[in-house]
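A, B, C and D are the chain letters, set down in written order, and residue numbers restart from 1 in every chain.
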Amino acid sequence: MAALLRGCRNILLKWNKHVNPTLVSTRSMASKTPVGFIGLGNMGSPMAKNLLKNGYPIIATDVFPESCKELRDLGAQVVDSPAEVAEKADRIFTMLPSSPNVIEVYTGPSGILKKVKKGTLLIDSSTIDPAVSKEMALAAEKMGAVFMDAPVSGGVGAASLAKLTFMVGGAKEEYNAAQELLTCMGANVIYCGQVGTGQAAKICNNMLLAIGMIGTAETMNLGIRLGLDPKLLAKILNMSSGRCWSSDTYNPVPGVMEGVPSANNYQGGFGTTLMAKDLGLAQNTATNTKTPIPLGSLAHQIYRVMGSRGYANKDFSSVFQFLREEEGQ
Amino acid sequence: MAALLRGCRNILLKWNKHVNPTLVSTRSMASKTPVGFIGLGNMGSPMAKNLLKNGYPIIATDVFPESCKELRDLGAQVVDSPAEVAEKADRIFTMLPSSPNVIEVYTGPSGILKKVKKGTLLIDSSTIDPAVSKEMALAAEKMGAVFMDAPVSGGVGAASLAKLTFMVGGAKEEYNAAQELLTCMGANVIYCGQVGTGQAAKICNNMLLAIGMIGTAETMNLGIRLGLDPKLLAKILNMSSGRCWSSDTYNPVPGVMEGVPSANNYQGGFGTTLMAKDLGLAQNTATNTKTPIPLGSLAHQIYRVMGSRGYANKDFSSVFQFLREEEGQ
Amino acid sequence: MAALLRGCRNILLKWNKHVNPTLVSTRSMASKTPVGFIGLGNMGSPMAKNLLKNGYPIIATDVFPESCKELRDLGAQVVDSPAEVAEKADRIFTMLPSSPNVIEVYTGPSGILKKVKKGTLLIDSSTIDPAVSKEMALAAEKMGAVFMDAPVSGGVGAASLAKLTFMVGGAKEEYNAAQELLTCMGANVIYCGQVGTGQAAKICNNMLLAIGMIGTAETMNLGIRLGLDPKLLAKILNMSSGRCWSSDTYNPVPGVMEGVPSANNYQGGFGTTLMAKDLGLAQNTATNTKTPIPLGSLAHQIYRVMGSRGYANKDFSSVFQFLREEEGQ
Amino acid sequence: MAALLRGCRNILLKWNKHVNPTLVSTRSMASKTPVGFIGLGNMGSPMAKNLLKNGYPIIATDVFPESCKELRDLGAQVVDSPAEVAEKADRIFTMLPSSPNVIEVYTGPSGILKKVKKGTLLIDSSTIDPAVSKEMALAAEKMGAVFMDAPVSGGVGAASLAKLTFMVGGAKEEYNAAQELLTCMGANVIYCGQVGTGQAAKICNNMLLAIGMIGTAETMNLGIRLGLDPKLLAKILNMSSGRCWSSDTYNPVPGVMEGVPSANNYQGGFGTTLMAKDLGLAQNTATNTKTPIPLGSLAHQIYRVMGSRGYANKDFSSVFQFLREEEGQ
């Protein structure tokens, strides 16, 4: 039904697809329907800018009004609440820190669903519990709207360069309408299945990433203790069955690779606090589905302890430093 | 000194290198000095055969005389003890199940070192504790011999096809003499550093491999429970930061890849018992060097429990099955 | 305010306290105000019976009407919904399997809060997430009612014998009114603090219990492998710093103690599924409060795996059997 | 045979046992045969003093001659090597830091076994790998001597007050001769079985102790985060199934108990480095016997990391502090 209601728009979209993209990007904003954007933090702000660049008028809001200043200067219309965004746009993105924020923005007293129009497409790019995504989808469905989860991988840099990867969960028949906008902000858009599977894919990837990173850190540390040169060890692992992204692309040992956080005192990158948050989501979904995740659980605990021991703001590859003997011992 | 003593041989070897290899292989065995081979099990037997194929006369022994039958039929001389091998060969390979066997074969009452000639090159391809490798090297040095550790990666198939990878630790100046023989049995020969570093590299790789495999298994299981298609999830991981050898080359979930043990009820491959053994070595070296290996330790424990719960003879990727809910629950 | 509204009742209660208990128990039911009881499962049923025995008229309900039969025969009034219970009683117990059931019974369409009278005391003896207890307390407060959490320790046997331990969280000034009823069903009633702390105490105890049990199981197994007699080892631990409840009161090794599940093929007792549930609650609260619980997490994972490997219905001390080498290996 | 050779001495011992102990202690030293003592560190020194106090002449040695000064002043004869001790005493104690020291003192070039007399009783109170104890016992047996392992529990204070607990492994028929001396230094002497079982009992106890301590620390931390008063939580655990030595006798939370290291900034007590060492022994024996110890392994890793993060010299109950959120976060 929602699909039906958006039928007219979808026809236009399909038509747009065959238009010369260069022409499209030089058209006036007025020719595209406005897109709502709620949550203009480190990630949301560059994402919204990329929609603007692609010619979509933006209706934006954030709990911190100052976050909206830059976007307003670029021509976005800033409003006071998610409900107001819902009155003015029929495709709305949300990019929020955690599940409670998403629940508030969708179902709170001045939330999207208080004013959402039938047929509106709601795309949540926050990383949250897939169970919450499913709840939001049900709540949206009751109002005649459609909810999709589309969490991202890639950090602030990828967001600025429109190089994010989106993992999308939701009704297949709405996917095209979402994809059109997502490709303005990302390099890869992957359809994962029903609502919540975008979150599931994101959570799964980051859990395996954390396991691989800690595993690489302890393996490199052990090898160095046993007399191996770190660069040589990394080379051996990378041509053997120990190979993983953390060993060959993001090695945690200072001096092994350039251009990664370990080469820069673990500044920048993906902070241990964010990794601990994603592992907390993995743990919650595993607990709720009664799925054993022994290494994922332990990885979660290790990042939790690191957060308490002064590593909260360092890149998650700093686990190498955490496990290492202190200087002078 | 040992290098000096073997000087003459090395000169011959270098000369041989420039000879047309086809010619070499058709020459009579008498033109090459014999090579000793101790330990003719599943791995040692095809390795020794590859030396024979390359024209090296073989002097062999094994605690189980019947293991030597095939090699004798192919022309190897079978003798009664490691000491006797040491009397007749000045380059000797050992390929044995574990540290105690290596200690016995080298330093036991009829061990190699009882009769070893000065300048003999001893190459141990067993996977053992690097501390034992160092002990053997010291004991060999006292007798004027040279010890190198050269454990392999790759299983029985790779051994038969001379496609093993050797990780070699020992004196750099002896490496050429070893390499000449190792290239008859393997596709890759990597010099890792001082004695024991070959073992270290092997142990490190297998520890990270075990972590990656269990991590992949629990991640895939979690994703499936959350509604993701296993093939799609594997594809997403493999294009993202969760990528590892276990996800992209040896996926543990039946139906995701062909030609891997998970596609064949976890038959063949690398058994959980062998993985538990290697993780035990990793744990021992970590304990002895006071290195924390939280995920490596837990991986070790998981393979230990699997060994007790009926998975001893299955490929180590069967951890996916171990973690999974039983049918009917 | 709620306290004020119940003032009259509290005065009566205090008066009752000085009455000869023998007399009280022989008085007609009519002299006591009725108590509501929702959830008549294995635990709820004997608990409600003990209230009946102590002269409290019971208004009962359960989603499975047949669960109420026995209590009806003993004189309880059985009604159709939690809302109906709320109409007829101003002190109500709930004893339910998990958080979602509690949410439904309190806030669902025919839930308690739909009909609750101002000043009603609501006591939830379910073991659930303390965050849900706090939510229920807030929801109850909005209706002018008072919510307390009072989870139990002790199993079905203790419930029948009125030997349960209650850990109570909630407003101190309501504690007396609760205690009067709780002492009819339990031997120990402990006031823990604000709402949710009863659950917190229960969860904390069971997490440490699980850690102690698995620790005892692996320690006993290791000792036996090292040649120690299990009874002697238990005796040594119990007089030393390794002592814990699982070693001295509930030893998991068959033959060490009598009258415990390990003496009876791990029948009866506290099932691994229930332990996994409580550890899931511990994990959730730890994740939500960003508290590292490395051993608690691993204990959770171990009981999860056991649930998948055929130990779901055995007592949680069967972890000894799970860790042990299979017969014949 | 060894027993036979010591027959005469044993008869005297049995006779001594019936003598009024007050009389014995006032007798001149000359009436007792001298006892050797090797290793006069923090533990060995007070132990040897207690033997002196009980009238046993002491023949002592230590790799650090200055360690012997105090004992010499008290009348002990200090010699240069373990071999020399063996020439002069037929009952010899060793109290050394680790397995390699024990191997050196027994089998080294100037070790005990170089000069040991037939029938000598060798008692090793070091905490080491039981496999090494067995090796030493075999080596001693070849020389006609008898080896027993008798590791202690209790720290320097207990050593000074002769309140140690000894766990003794070795031939039952030699136990009496050992017991006579051990009771001079300890309050409890427990016969555990064959050689190595004393070590096994010690290692098992300390592994379960470490598990209980970390478990208690994380449970208390979680409870506090959930709003429970730490003293109240400790009280609840101690009357429930979560009870263990670490919760009721050595609580790791500052303010809960007096007279324990947690009340004194984790000074004194049993250092994390020592605990990590014992857990390393537990891990080694478990690996060698293929016994899964999931929680013991993780406890080992946690104490390893603590050793690298500045907790090396704090009491092992400081794991509470390690797991806790830093101030100001």
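Definition applied: contacts are C-beta pairs under 8 Å (C-beta built on N, C-alpha and C of every residue); 3 or more make two chains touch, one makes a residue touch a chain.
Remember, predicted model here, so these are calculated numbers, not experimental data.
Student: Is the C-beta contact count larger for A-B or for A-D?
Tutor: A-B
Student: For chain A and chain D, let me know how many angstrom lie between their CA-based centres, rounded off.
Tutor: 55
Student: Centroid from C-alpha atoms only, then distance chain A to chain B, rounded to Å. What do you get?
Tutor: Once rounded, the distance between the two centres reads 42 Å.
Student: I need the residues of chain A touching at least two other chains; which ones are they?
Tutor: 290-294, 298, 302, 305, 307-308, 323, 325
Student: Viewed as a graph of touching chains, is the assembly arranged as a line, ring, star, complete set, or other?
Tutor: complete
Student: Okay, in this complex, where on chain C does chain A touch?
Tutor: Result: residues 276, 280, 283-284, 287-288, 290-294, 297-298, 300-302, 304-305, 307-308 of chain C touch chain A.
Student: Which bits of chain C are touching chain D when the two form their complex?
Tutor: Per the stated touch rule, the residues are 130, 153, 165, 167, 188, 190, 192-194, 196-197, 200-201, 203-209, 211-212, 214-216, 218-223, 225-229, 232-233, 236-237, 239-247, 249-250, 282, 285-286, 289-296, 298-299, 302, 323, 325.
Student: Using the touch definition up top, name the residues of chain D that touch chain A in the complex.
Tutor: Residues in contact with chain A: 298, 305, 307-310, 312, 322-326, 329.
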